[in-house]
Every structure is written in structure tokens, then in C-alpha cells.
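Next come two complexes, and both contain chain A; in the first it sits with chain B, in the second with chain C.
Take a look at the complex of A and B:
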């Protein structure tokens, strides 16, 4: 069960946010987004420090708490796909890769009206992404 | 296979660390930074919980090369174990280490709270705990 979905670029701007739980939205989502990005940045550099060999893209994939699990995919271009799910969910790297290669590339990159580094406003992208995330039961 | 074991107190200071063969090369300043970073991450992960869910700190961090399990005691002391990605039941090991901490460290009359842990008895038990499970 997916709770939330974020896309950040390498600088820290939140390009996209989707809430699937239908809970009451936060008063100030920008603050939370900045916190999430800062935390992920620290986590990624810590994981890089601990890895046995030098890597270009951080090997950090997920973390679990009692109430949620966070999955992340960092592409070589610096894009971060972040997904908050139920804690029992299995590793979702393959589905994040699918979202990047199929849904994001088709509906965002190939959209001539999309301006890089700005928020993603495409309605079709949101629709397709929501459809896909609802199918991720486990 | 285990790589490292750390104990971080509630204010973020590293009070115990143990290296096992195969671990990444980390110098002392890295380790001090690690203690503070982990405390901060634990707090932040509770803050960014999706709205409506109970706030809770992180338990396990997974990466391609290692898995880090962080068990927080009710007093705020964090027991962190860094192992390879296939290890399971890391939380049980951390809980056992917590038991040894309360037996060999807290019950020791010469131990000052939140200070570095330098006791042979505790070292011996930790060595035994993580060597058997390898």
C-alpha cells in the first residue's frame, strides 16, 4: 500500500508530490518536503561512506520504521524518486525503475511543454502514476 | 557477516564501537560524526512520517552493500549493528546487546552515565554474541 510519492531533483526542489492516503493535508507541505530532502541527502552520504568500494550514485535503497517504509531511487542525473509505503512492503527498486523509465520518460520528458527544474503539472502523468501505484498491493 | 557495532547515547555521542573483519575503513572523526548523524536521522524519520500515522524513528536502513539496524531503548540509547544485506534477525541481536549493556555497564558502580564504555566484561560478551551468529 503506497502512502505518498515525491520526486526531487539534485538541488532539492520538489518537482512532484502525490498523496494516496486521503488523510488531511499538512498546513505547509514545502517545509516537510525540505525536511525529507535534507534527511535523504544525509542518509545517502552516510551510506556512501560505509560502502566498501567508491560509487558514483549512493547505494542507499530504503529504510523501515514502525509505521512506514521509505523507498528511494536515485538516477545518474540526480533525480530522486521517493515512495512512502506500508512497512511490510518488499523492495520496490524495480517498480521505481519502471516508473522512471516508462511513466516519467513518456509523460514528462517527452512532453514539449515541460520545463526542466520546474514542478510537474501534467495531469496525464499524475493519472498514470496514480493508476500504477494503486496496483502495487505488496 | 557483521561489519560494525555501535552504541550511541541519547545526545548523539558515540559511547562504544566495535569493528569486525571486512568493515569499511573509518577514522575516529568519521565515527563521531556517525553517532551525531544517526541520532539526527532517527529524529527526522519520525518527523517526516506521513500525516495520520504514528510517529516512529527508523529501525533498519537498507543499501546495496549493507544493512544497518538501529534499536532504540526506552531511555534513548541506540544500539546500531551494520551487517551485510542478507542478515536477518538483527533486532534480536541488538536487544541482546542491550541486555548485556544493562548487566555489564549500567550495573558497574564505576560507570558514569553517558561516558565511553571501556569494560573487558562487556567487550568479551559482545565478541561472543557477534562471533557465534556469523
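Take a look at the complex of A and C:
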């Protein structure tokens, strides 16, 4: 069960937001997005510092609480794919990688109307992503 | 002896997209979508013609590259088969899907894996008309390549292309007999 999906770039701008819960939308999603990015930035640098071996890329992939689990994939191009799911969900790195390589690459990079660093407004990208996320079971 | 380097067709798909943007966006303050909306019919036709001429020039030269290893006949059907196999393999790394012929010199080629327009949703959207303008400009280039290829092989032709559902494209080729 996927609750929400975000795409951030390396500066902190939220390029895409998808809410699958069907609950009432937040009054000010930008505040929440800024909070999420700030928290993720801190988590990534903390995990990197605590790591017993020296790593160049932050090893942070997910955290779990009683009510949700957060998964993150950071790409070399500076994109952060963030997914909020049900706490029992397994590790979703493979599905985030698939979303990047198939859905994002096809519908965003190949789209001549997409301007980099701006919000993704492609309707077909949203549709395909929603279809895929709804198929993600445990 | 030239070695053939396989370039995935996304490279020149993106390059053709940039060429179209360069020719359409005359005002730097407008986005691509708005520039397409502002194009008049004559301007769109002019730009299509320009893309086609670019393609003709490319097609003629590519044919010069490809035929050096092949023995060819002047018979239409084998020419068409040559185009469907060798030219498409050279450009896109695969064979074209299907070739239909009526015996009066009109051929229809179907390519079922034409991924250039996957990023655009052509089924239902407000900007559908502008997306279609963009696709027609990109397809004019491909038509030009085909026309140039036939010219290089010594045949006059007229080519039209249309995008169909599910990443497939249809090219209608009319060859002058004789």
C-alpha cells in the first residue's frame, strides 16, 4: 500500500507530488515538502557519518515507524524519489529503481515539453506512475 | 573500412527535439507549448518543409553509406524490402514491423516500436493539438530521410506519416513507376 510519492531534486525543490491515500489534501503542501526534504537531508548526512566504513554515497534507504514506512532512492543525477508506504512493506529499492529507469526516463526525459528543474506536469507520467504504484502489494 | 558504431536512437531523437525547439521558439520568453500555439498554418507548413529537407539531405547520404556492401535491383519490391530491413536497422537497430503493398506503387509501412513520442499523451488532453503539431514536425524529418533514401536509389517518391496508438507509426509511400 503506497500512501504518497514525492520527487525532489538536489536543491530541495519538489518536482512532483502524488497522494494515493484519498484523504483530504493538506492546506499547504509546500510546507510539508520543505520539512520532508530537510529531514531527509539530515538523515542522509547522519547515516553517512555514522557508517563504519567510509562511503561516498549515503547508505540511507528507509525508515519505519508504527504508522508508515519511508523509502528513498537517490540517483547520481541528484534526484530523490521518496515513497511513503504501509509499515509492513518490504524494501522497495528495486521498484524505485524501476520507476526511475522506466517511467521517469520514458515519460519525463523523452518528453520534449518537460523543462528540467521545473515541476513535472505531464499527465501521462502521473497516470503511469499511479498505475504502477497501485500494483505494489506487500 | 569504417566501423559501425551503434547509437541508440534516443540520441538523435533528443537532437531532433532540440532542432524543432530551436526552429519553433523564436521568442525566448515563451515556452515550447506556447510557441506551438502561436504558429500559424503557413508557418507550420514552412517548418515541416524545412524539417523534411533536412531529412532528405540526411537520407541521401545515409544511402550512400549503406549500399556500398549490397547488390541491389531496380525492382520495387526488393527496394522496399531493402529499405525496411537495412535502412531501419541502420537508423533504429531493428526491422520495421510490417509492409503492405498494393501493386500500383503504393506501400504502407508500419513500425510498431516507434518510441519517439512515448512521452506525449496523444489520446486525450487539452494540449493534444499542440502535441500533434510537434509530432508532425518530428515525423517530417523521418519522411525526409525516407524520401532522400529513395532519391539516392534513383526513385521519385512521396511519403506521408501518421502516428497511431501504442507507439506505432504508419508511413505511406508512393513510388513513381518506371
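In the analysis below, the second predicted complex is superposed on the first by the 138 of 138 C-alpha atoms of A that agree within 3 Å, B and C clash if a C-alpha of one lies under 4 Å from a C-alpha of the other, contacts with A are read in each partner's own complex, and residues count from 1 in each chain.
Here is the rule we go by: contacts are C-beta pairs under 8 Å (C-beta built on N, C-alpha and C of every residue); 3 or more make two chains touch, one makes a residue touch a chain.
Quantities reported herein were computed from a predicted structural model and do not represent experimental measurements.
Superposition note: with chain A as the common reference, chain B and chain C can be accommodated side by side. More residues of chain A are touched by B (comparison of chain B with chain C). Look at A:110: by the touch rule set out above, it reaches chain C but stays clear of chain B.
Of note, the Cα-centre angle with chain A at its vertex and chain B and chain C at its ends comes out at 160 degrees, rounded to the nearest 10.
In the superposition on chain A, A:122 makes contact with chain C only, while chain B stays out of contact range. Put simply, the nearest alpha carbons of chain B and chain C end up 30 Å apart when the two models share chain A.
Overlaid on A, the two complexes show chain B and chain C touching no common residue of chain A. Residues of chain A touching chain C in their complex: 106-115, 122-125, 127.
The touching residues of chain C, counted against chain A in their complex, run 10, 13-14, 17, 20-21, 31-33, 115-116, 118-121, 125, 131, 134.
By the touch rule above, chain A contacts chain B in their complex via residues 3-4, 19, 21, 23-26, 32, 35-36, 38-39, 42-43, 46-47, 49-52, 58-68, 70, 84, 91.
Here chain B touches chain A in the complex through residues 3, 24, 26, 30, 34, 37-38, 40-41, 44-66, 68, 82, going by the rule given at the top.
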